[in-house]
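Got some structures for you, see below.
Shared between the two complexes below is subunit A, which has subunit B as its partner in the first and subunit C in the second.
Entry: the complex of A and B
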């Protein structure tokens, strides 16, 4: 019965407008982000730039962070990300004065005028060849230890309400240094040897896809959940012999398969590009890399978003799941914006890795990523079990929350 | 194996509101009518039998199976709710097939039964039509076909003729009678004509109470000798309405031919008439409340 229902659910999904809208959005996402994807060439000696990398050198961290502080102090406006959301902070006179003092203690820059002059000189210097793209770096004050620096930066971060460029996590990210030719070659070699080319591009593909897959499945789940009520078919289905487990699982599986299918089809494009390049360069590319990454990286997100959508729709008989998932997605996407280059996957619903390179980062963060994906898979299965329970209760005339809400409204009016 | 529906001391509550009060009914093979005004508790009773509502108190068994064992009862019950439809983008055949799968019918059985049922409800030529393109009557017939798709021992139909034109209504009643030859069919309605044309055994519900259970002929017998007609002026009609329950009126120029209920002949020109189900139903409902001349 499950198999037959699954096939019918897939057919229903294929006929739904919302499904095709989702497919169109995924195609749009793919073509705008990866449509023109070119396989990166091997770094050559004497290139103008090999990109940037993060440094752990305290001296570089101090110089970069002080550069940021000088810039923001002059601007009298600070960018922060408390709980992952963008916030523009303007300080009152007292706090502004304290930041000025911190800048003087750490960089020896006394007053806003001196800072302004440094910024103007730096802007002028940036126009000179070889300095384009360089970030402002300020030498620390004489005798300033790294501990003193971190204490004062922590204080600045506290004044700014947290999530500023001066907190522990962010100030390390400020320390971007240009990659050397050797570093670039090492990273490129990792792409060819460890990732067999396709692995790196599969991660990049997942990075773009996961953003939209963190929200789109909820629309499919909600429309499927509400279809029975809108079509006045609930009672016809409720009184059938079929178990609630079979009904819900067949719907869920159909949703997952129908959402994964277009992703797999879209992945054929970068796969073919990779295979073509690999063929010419004599690299033994992994043909199944995109499939593996789609299942490992994207499927847990599709699963948990769909499951949450199903659960909340069955529970409320409304589209409330869209709001809940929208909020979750917003937080996930914005809080993940500071770890775009991969390696720091945390517990994000939408783990990012916005480069085909950085195999080392992926390797180092793999255990965390695996734990993340397993957690969401387990959460998805738990949500499905809960949905089955709610559905079976509704079939017995219990848990009609929407009916109760409407009744309450009527009673009040 | 029992072939009856047994309802014992059934009480049903929606929060503090009591929808059914101490219902005791035995329903046997054939057509069984549930009559009552809107809000009398008919739909609640049917939903309890169809396992769509958990009973608050009492016992309900369907062919020997307690409604507490919902899945077992669902195997043998077909249900046609008052307000229903099907996925509008499905064809008639696909909708039947989908519900057939949910009923656990094998592919071979579905292939065998669906065309036969569509023929029976006269929808064989519309099997490729989308559900959204069906008329109200066609949808009702499709509703019946889906309800008996798994050959249930019990068929429950709630207000099935509401909104149908007279021709469709007659066709629908006949269909129900045919289906009831070998199973229990519970027909709930507030339209007395539907009961009159199809059922022998009935129960009348009023405010959650069964106020009558028996045969249609016994119900009619209750009103025998209490139905009168008289040709009166329109002014006299207003006076008549104050004292008696007028069940029908026919305008004849300046006069009106009124049919009404009274315990005894109210005036000399009033003629005693043969009672019909509608008269008996009205008599029962109003006698229960001690209204008018009843």
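Entry: the complex of A and C
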């Protein structure tokens, strides 16, 4: 019975307008972001820049953080991420004066005019060859210990409402140092040897696709949920012999399969590019990397978004799930804006890794990512169980929030 | 006039309260998510264009929702008053609600020490709201499906965030951030076309059905 219903649901989905709109949007996302994807070449000696990496050296952390503080103090505007969401902070006079004092205590820069002069000199120097793209670094004041520095930066972070560049979490991120040629080669070698080329590009593919897959499944789930009601078949289906578990699970599986299929088909394009490059360069590429990453990285997002859509639609008989999922997507995507390079996946619905490189970051953050994906898979299954429960209650005549009895009561009152 | 007020009264009483509540909630939680005090013109534009304008998606597309049920739609279309008139009254009412909410929010920003040209920003943000909502109305009218009505503006918004300036050109919704208002004229024109088109499509379905 489950198999029959599953096939029927897949057929219905394939005939629905919303499914093909989703496919079109995924194709648009893919072509605009990855359509012109080219396999990166090996770094060559003497290149102008090899990119940046994070340093854990306290001296570099202090210099970089003070550079940021000086810049933001001059700009009179601070960037913060209080709950992971971008927020621009402008201070009142009292707090601004205290930040000035902190800058003086930590960097020995007295007043905005002195800070402005340093910035102007820095920008003038940046035009010189070899310094382009480098970030401002300021020497700490004489005798400043790392402990004093962290205490004062914590205070600055508190004044700014938390989540600033001076809080514990973000201080290390400030310490960006240019990569050397050797480091760039090492990272490229990791792409070829550890990732076998396709692994890195599969992560990049997932990074772009997860943005849209963090919301699109809800449209399919809500449409499917409302279809019975719209065609006035709800009560008829309720009376069928088939169990609630079979009805809901067959719908859910069909949705998941039909949403995963176009993603897998789209992944063939970058896979073929990678295989062609690997063939010429003599690299033993992993042919199944895109499949593995699609199932490991994207499927949990598809699962939980679809399950939430199904649950809320079944519960409310409205399109409220779209608004709820829209809000969740908004927070997830904007909170991930500061961790694009990967390695810091946290509990985001849409984990980001916007580079084919940084295998080390992926490796270091793998346990976190695996926990994240398992959590969303478990949450999705729980939501499906709840949907089955609600559906079975409705079949018994309960939980009809928008039922005729309620409408009748409203009219009488 | 009395009958139009009756339509709006019913809209305010039964159809739109939940959507207004969602919009008000969105605006009330904004201080926890984005900066709303002491902002410069650019940051204020960002808050209005990237956050506040989203209430256009919440408030405008559901104007056809009360007649989603075909039985009710058939009944409504047998009445003396034209379908398009009912929709236009609702649309104007919802636009007025959006303008009031936006005006209050802009007042709050100004009170909190944000420095920006209030009149220009009000018009710019309202235009974007109308365009986002208009997209919803158009696609709802075209496909007779509220979910697609929500999907179209949301996808447009996501595409605009993901480097859409390159593809959207004069229909790029976040132009005030870089101090440009020319796009808003196009968006206003687009909003009028989309809303009118959406209502026409909805009513065209009716006429075909009753032939």
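In this section, the second predicted complex is superposed on the first by the 402 of 413 C-alpha atoms of A that agree within 3 Å, B and C clash if a C-alpha of one lies under 4 Å from a C-alpha of the other, contacts with A are read in each partner's own complex, and residues count from 1 in each chain.
Rule of thumb we're sticking to: contacts are C-beta pairs under 8 Å (C-beta built on N, C-alpha and C of every residue); 3 or more make two chains touch, one makes a residue touch a chain.
Because the structure is predicted, anything quoted here is derived from the model rather than measured.
Look at A:8: by the touch rule set out above, it reaches subunit B but stays clear of subunit C. In the superposed model, A:196 lies in contact with neither subunit B nor subunit C. Of the two partner chains, subunit C is the only one that A:33 touches; subunit B does not reach it.
When the shared chain is aligned, no partner comes close enough to touch A:112: not subunit B, not subunit C.
In the superposed pair of complexes, A:219 makes contact with subunit C only, with no contact to subunit B.
Contact with subunit B, but none with subunit C, is seen for A:241 once the two complexes are overlaid on the shared chain.
By the touch criterion stated above, A:186 is placed in contact with neither subunit B nor subunit C.
By the document's definition of touching, of the two partners only subunit C reaches A:89; subunit B does not.
Once chain A of one complex is fitted onto chain A of the other, the partner contacts of A:98 are absent, as it touches neither subunit B nor subunit C.
More residues of subunit A are in touch with C than with the other of subunit B and subunit C. For the contact definition in use here, the subunit B contact set and the subunit C contact set of subunit A share no residue.
Of all residues in subunit C, only 22, 26, 32-35, 37-40, 43, 46, 54, 57-58, 68, 113, 143, 145-148, 150-151, 154-155, 158-159, 161-163, 167 touch subunit A in the complex they form. Those residues of subunit B lying in contact with subunit A across their complex are 47, 50-54, 70-71, 74-75, 77-79, 81, 83-90, 97-99, 101-104, 107, 146, 150.
Residues of subunit A that touch subunit B in their complex: 1, 4-5, 8, 12, 15, 227, 231-233, 235-243, 247, 395-398.
Of all the residues in subunit A, the ones that touch subunit C in their complex are 17-18, 21, 25, 28-29, 32-33, 77, 82-83, 85-92, 211-212, 215, 219, 222-223, 226, 230, 319, 322-323, 326-327, 330-331, 333.
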